[in-house]
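Before anything else, here is the set of structures, which you'll find just below.
Two complexes come next, and they have one chain in common, chain A, joined by chain B in the first and chain C in the second.
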Partner chain A sequence: MKRRSFLKLSASACAALAALELNSKGFIPKASATTSSKSKELPGSLGAKEIPSVCEMCFWRCPIVGKIKNGKLVKIEGNPKSPANGPRVCARGNSGVQLLYDPDRIKYPLKRVGERGEGKWTRISWDEALDEVAYNIKKVKQKYGKDALAYFDHGASAEFMREIFKTLGTENYTSEPAFYQCVGPAALAYIKTLGYVTTGTRQYVDMGNAKVIFLVASHIGENVHVSHVREYIQGLQNGAKLIVVDPRFSVAAAKADLYLPIRPGTDTALLLAMMNYIISNNLYDKEFVDNYCTGFDKVKKAAEGCTIKWAAKICDLSADDIKKACHLLAENRPHVSIHPGRHSTWYGKGDTNRHQALAILSALLGAVGVPGGLYFPTPVKKGHVTFGCHEKEAEHPDVSIQDDFYPFASIFGSPTGKIVEATSTGKPYPIKLWGINGVNIIQTIPNPYQTMEAIKKLDFIFCEEILPTETAIWSDIILPGATYLERYDSVYTYDLLTPYLTVRQPVVEPMFEARTPFWIARELAKRIGLECFNYNNEKEFIEEELKGAGLTLAKLNEQGGLVTFKANPYRDRKDFKVNTESGKVQLSIEDFEDEDLNGVPKFIPTPAPPVGYVRLIYGRSPVHTFTRTMNNKWLHNECPENRLWINDTLAKKVGLKDGEEVVLENQDGYRSLPIKLKVTPGIRPDAVYMAHGFGARSKALTKGYKKGASDQFLISRYEDDPFIGASSHRTNFVRIVKGQKVIDLPELSPPPAEIPRFEIRRKGGKS
Partner chain B sequence: MSQLAMVIDLNRCVGCHACAIACRAEWSVPVPYKRNWVKSAGPEKTPKGMAFTFYPGLCNHCDEPKCTTVCPADPEEREFKSKDGKVKKIEIRATYKDPFTGAVLIDKSRCIGCGACVEACPYGARYLNEELDDPKADKCTFCTERLEHGLEPACVRTCISGARIFGDLSDKNSSVSKLIKDKGAIRLVSEKVNIGPNVYYIGKEKDLYLLKKKFAPTERTWENVMAPVRRNILISAFKSLKVTA
Partner chain C sequence: MTGIYCVIFNLLANAFCYPSNENTSDKFFYAINALARDLGFDTFDEKIDQELLKEHYTRLFINNPFCETAPLYASFYSSKDNLLMQGARDEAKAFYQRAALEPRFEKEPEDFLPTELYFIAELVKKGDVKLLVEFLHHIIGWFPEFKKRLQGLNPHPYYSILAEITLVILNNLYQEVINEKA
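Showing the complex of A and B:
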């Protein structure tokens, strides 16, 4: 209780604020006395104590308030003070309550007693658990060297423990699926072109002020980040034209003015043809390109010959539609939002170049630093906190699994696939211990079969987890972490169009024997003998961070837990400068050329499906985050399983019906869990689609277990992006198994001769 | 007389289900019951092009609610007061339409949990909460309790894209009145079922076409409930239940 005593934001103040807002709209009738409740306890969440905090149901981290009644969290709402989301949170944000109270939560430290992956455990004490982890870390480091330690991390919970691995000196102190299975190639392309992380955790695309929004397989809407979706919808409401490029008729496609159902794997061909058309017809922003960009001639040359007609054939699109898209963008420049996309590790080789093409298109249209285009972050000042840990970057070993294989990997850490490989083969050096925090790697890194085999070779594997995920099941020790609702973390700043500063603080005390990530990291560091974490608790360093912003926790909470700042997103042309070596936008990237990689985008065709198979593509359910929320009681009830989208003409040809249950078999013979069909004209016949994250294989996830199918378990082959080592997720092919019958899928849109066909080398019946 | 109403803008809706969960949290609606839902329709070809849209639904607080007429509870006189002090006395059963707000509500103290109203609703907007020792009918109240505290309905407050607009139809200047007048909002009705729902939808023509095709009720569900006969059967059934219990 004492933690909450400082909170000054009373429920009544909040209600008064809301009433004020509503009265100005003037449509809410006043109470009618006969129906009002006479009892003292107000109904619903009314009268609850409200504690401001920050969501972590996904990494967007919307400001929230936790509503507490009788010591229990009853509801979560957006923090009305937040200029980004206001009182709103998405389905997942609303469902944090059921993460906190999930009966499947890991309640105590656990030690494996059966085989790895078998799921047999015994309860142990925190002392025992931490001692064992510390002992193994020291032992592995001593026996095999610092780089034998590897850390997979994601999200807020992982940040403190990362300091330990960094201090231990391993180059593998961070290995984030968030980059290698998500935004890595996109982030790299934009960093090199525009000099900042235009797309990473945050995305600086001013859709709210755009006249045209151009989405290349961005599933915005199915992929929900509240303020981002709000800006997108605001843009559409203001009359922005929407162009959507996607093999599937997504929620965004349904709102589009122009929809281009592209052949999977050919996006770069489309973008090159658009560049060529825009350049050769003088539709680009010559003034911007001449004065503020470098490398134009190289881009012009790279796009030369990429005609609309050529792209129409490669991409299986109408030439008129491609032209229409070019004209819409050019006529409305510079106020055009060319979205960098998200989760874009699709085809391996061409991913970085594809994103570079999107960045170049923005620049050609002058859509940088202007309303409606890409914009610049507004950093919000806070105090810099060091934990007294290792401040220097780790020294790389003689052969690094980062830059010695992928020249730009070290910007992001160690490529996940390379860690798995090194663990399996011992080359270029042995990796013998994995620590995992905040990420279910088995359901995230491609080829889970390979990941599980690698785990078998480890001396030790441990994780900090909230739920008994597949990865937890494969661990030797599980440390039960507190949820975001039970802990302080850090001061969070938001540097988009409505900047603010806020802080995560507990809305309830940790349940069971769960402990906060800071406490766990600090205790572990002590046991390893590291001089680390020179603060006693989170509040101490939070005060330090706030001091740098001229605040204290008490002061911040007096203001509703959040303070706002003015944004500075746009730049006058005369002052236009970006943070690249030349200070200009780099249309062609010399750093890439120096490493014998394409300095300008090039279309590298990805092999077409083998005969009888179609490409497996995946996306998001707006109700779920990764594989993290399928066990959430409320979210599970809204969307318990995924469905396989299959083209209606294709389905008819092979006698498949909507709603019937099938199994998928991929090119390597791996089979999925059963999944129901969604037969629709809204997908091309050369691909099938499912939302990611379903089909849990951990029995301990009692609600999500075996519900729907996992795309991940069908991704048994992947190609590396040569820039950073990100892994491809759209290079697997499937056919359908119904009952005992394997159904080959006929080819209804054959690829042109320019696109090679994938050849199946292995045959077999793995499952 | 006021009539509370909601307009749902499908051009804004992305189908995120925040509304459904906020409602569940606000009113502790047990899984799997729903007062507030999101269903999807499509992608499917329509005469106006390919459509893919959502059906965010809730109780329609109809002009001519059928749920209130099938309720077997004895009518009782009740006094209602409006916000400006007007008083009205009407006879109500255990479920009734508030004469001043137009909200269709349930008097839980009088509900016997027979489920007649649940079956009568052509929108499936009601459920019988069997999690309770003494099951009661339940459904959306337009968050009447929150309105009394000057707050919007929970689903409106959480809607991430501002797709839910709530207000009073008797006020010609309210956002709902204006949207219905200017944006061609439709009600989810069919030739066979038109009982004056007060949830309206706006959106692209193709989306509204698909919405109606998939989700407009076509079955006069309340006619099957056969109110008077059923009432007698129910009452005797309940009496015998009470005796045996």
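Showing the complex of A and C:
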């Protein structure tokens, strides 16, 4: 049968269509047609155009090459010119492709149309979005003053908008969970002891040349930064002995020569006892300590009485093992890598002192500025660029969040917890607007319930985001940021053992209506009326930065996008000097004493679990960067959900089996999403463990939603670090809920009398 | 093949674009309803608030905080991992190149539904039956999945009906050009 037309339209339909006068607006003609060259195309990424850039799947910033075919990113590899990672990238690095092409991406500016937190949005234009943000910033500043504006930030994407907040004069122009929920206490301890940020974004610890590597809950191998892991593996290959202190038998512990399964919260007791033993047995580097350190007597005094026997009892460890650790370190000094650690905001009160103890231990063993020990950065020269913003420092208010609560907070900005508190209470002054960039604060700052309540009290909240995270859902305006694969950032220099200079540059144009952070900040500044950003685009200031290194972007790209420099990590003893006031390593810190804080480490017991509960501890999955990658399809396929590690003896006592699904209830009655059990002897019976980042609560994250449980939603209480106001993550306790039954967990390793027990004051039925 | 398809596909393409004054006029809704009536579908109430429609469009096709969306990209439905910029996008791009046409939605992947519908209008206008058959084969390969997903999201009646009539019209045109070739 042959029919000329299947579509029979009525006269009225034809008339309706004719009345519209529609023309195609979808296409423009090209000069000539091209046929598909697919048959001639090389398979996979072969023959692809290669563009050097820098990864941002985590903060480590490995140099990469984006492979482009047919206008599409088909593969990411390490930049072979990089001495740090070479052609290698980790699982996350590979999966940047999936971030770029994630259908859940925020594609256009969005505006909230329902209740705040309800997540009802409508797409709006960039003009409308930016006008709305600018209007609200000006309104809040005028009504409540400059400090009513607060900015939560993280990473390269947040840097330009930070300039705006700084120029607006608020003291809260930066409040980074990267410090207050991660490396802040560690960074402070090392800055004050050694005069430089030995651990911040990076850790200057020469594991590749070490004879002993000492890790206090550093989960290298689960915490993957390619060059760092390579150095660690190099050290082990060379025969370095590995000592691991951790309540859990981590990947690192599995490689250890000596594993110390410590009672959570007692690390400083162990370190003090080790110091005491090393000092009293003359195992320390006397020459280094006498000539290049100050405060030895105070440290000696502080450690006195902290015997191995005492520590063994407090820490629930074998005294022999502690001694063994001391001897291993002392016999191999100074070539010992005492890792400074990161993500170390665990117990609040003692966190800075614990890291100070690690720094002191390095110094006692002379392991500073030597192969195998802590080393010094090699600065790589580049041009200095300013954006013409905030020419003078802003005045802080009479009662300052940065200055008046934690004496060393201002080194890092405004403590996140204090911003949340001030927003909730209006004290010391009201905070009425939050800008958020590069960080999912609801899954990062402890007590998300408090954070969400605070958000309800804001006049306005906006974020720049790539994915529809929990934080985006609470925002009034969402600005779609370009991924790292679609933008330029500043020139990056790597000042570790293999120094280099490189630049992040787009491998593809921004998709949809995503815009680069520089563009967004520049346009927003214009609308607020700030004279900011005296460059028209990123390339202009990058050229300026490169000029300072005798380069241009074209020249750099001709050289594979990366140039290397000679390292200067070690120091001869005769030239040894550090950047502290005295020029010496400060074993005791007067600045701390001046603020009535401990100038030398002191063991402050953190309360033990209440009866029926165990401590909740957390860590990382090697294929994820916390919540940021949970929606990434490839990584999700590798590790779709976390599991709850529970001690096998404990599990047996209460009839729990491996693989069973349970819910956790914390001391305040908050419950987790369901999580499967991993029953194992590889964790102490007084703690349970899960990897952080799972259990997304935003339904718009279609891959990560409700996959596993979020430790964050069980952290409803935290202790402040008294030095900078960082908040603790290991001070919450849980028990198990199986079906409808709440299971109290028996105590198999009771704490000694020296450790107080946490008292539950509020029991709730919150969920 | 008649010029009416050219008008219809321009209309459908426009209807799947974000709501604006252009695609939410009374005349526009009336034309969609007229098509629905002729094809035997229910009609929708033509008094639709543009702002409300924007909210629905965002919820259904862009980002939905309550559940999944029905993305307007062929790759999402034809790749096993539901990703963007996969084989279907390359296919669409190759079609446009063969027709010496370049999409105007340069920030959208080439397999964006409105782009594909506009392309059909272009092919109809040019009378390029060979390419049209191939392209219809491409779009009919994924559109039903899109429609099914959309209908599972409690769509606004306007988008529900729009998807239904689009599929019928695609199939009609496909049958028609196949028969014309035969």
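Here is the rule we go by: the second predicted complex is superposed on the first by the 727 of 767 C-alpha atoms of A that agree within 3 Å, B and C clash if a C-alpha of one lies under 4 Å from a C-alpha of the other, contacts with A are read in each partner's own complex, and residues count from 1 in each chain.
Just so it is clear, a contact is a pair of C-beta atoms (placed from the backbone, for glycine too) under 8 Å apart; a residue touches a chain by one contact, two chains touch by 3 or more.
Worth saying up front: this structure is predicted, and the values here are computed from it rather than measured.
S.K.: When the two structures are overlaid on chain A, which partner does A:F512 contact: first (chain B), second (chain C), both, or neither?
M.R.: second
S.K.: Quick one: is A:S698 in contact with chain B, with chain C, with both, or with neither? Answer first, second, both or neither.
M.R.: In the superposed model, A:S698 contacts chain C only, not chain B.
S.K.: Quick check for you: in the superposed arrangement, does A:K633 touch first (chain B), second (chain C), both or neither?
M.R.: In the superposed model, A:K633 contacts both chain B and chain C.
S.K.: Based on the superposed arrangement, let me know which partner A:E77 touches: chain B (first), chain C (second), both, or neither?
M.R.: first
S.K.: Answer with first, second, both or neither: which of chain B and chain C does A:D102 touch in the superposed model?
M.R.: Only chain C; A:D102 stays clear of chain B.
S.K.: Where does A:W121 make contact in the superposed view: on chain B (first), on chain C (second), on both, or on neither?
M.R.: second
S.K.: Hey, what residues of chain A end up touching chain B and chain C alike?
M.R.: 18-19, 22-23, 25-36, 633
S.K.: Across the complex, what residues on chain B touch chain A?
M.R.: 2, 4, 11-12, 14-18, 20-22, 24-28, 31-32, 38, 42-45, 50-53, 78-83, 98, 100-101, 105, 143-152, 154, 157-162, 166-168, 171, 174-176, 207
S.K.: Which of the residues in chain C come into contact with chain A in the complex?
M.R.: It is residues 2, 4-8, 10-11, 13-14, 18, 27-28, 30-31, 34-35, 37-38, 51, 54-55, 57-59, 62-69, 71, 73, 75-76, 81-86, 89-90, 93-94, 96-105, 107-109, 114-115, 117-119, 121-122, 125, 169, 172-173, 175-176, 179-180, 182 of chain C that touch chain A.
S.K.: Where on chain A is chain B touching in the complex?
M.R.: Contact set of chain A toward chain B: 15, 18-19, 22-23, 25-37, 42-46, 74-78, 85, 87-91, 93-95, 97, 220-222, 224, 226, 229-230, 233, 236-237, 249-251, 253-255, 259, 622-623, 633-635, 637-639, 680-683.
S.K.: Give the list of chain A residues in touch with chain C in this complex.
M.R.: Chain A residues touching chain C: 2-10, 12-14, 16-20, 22-36, 38, 70-73, 98, 100-104, 106-108, 110, 113, 118-123, 468, 473, 509-513, 633, 698-700, 702.
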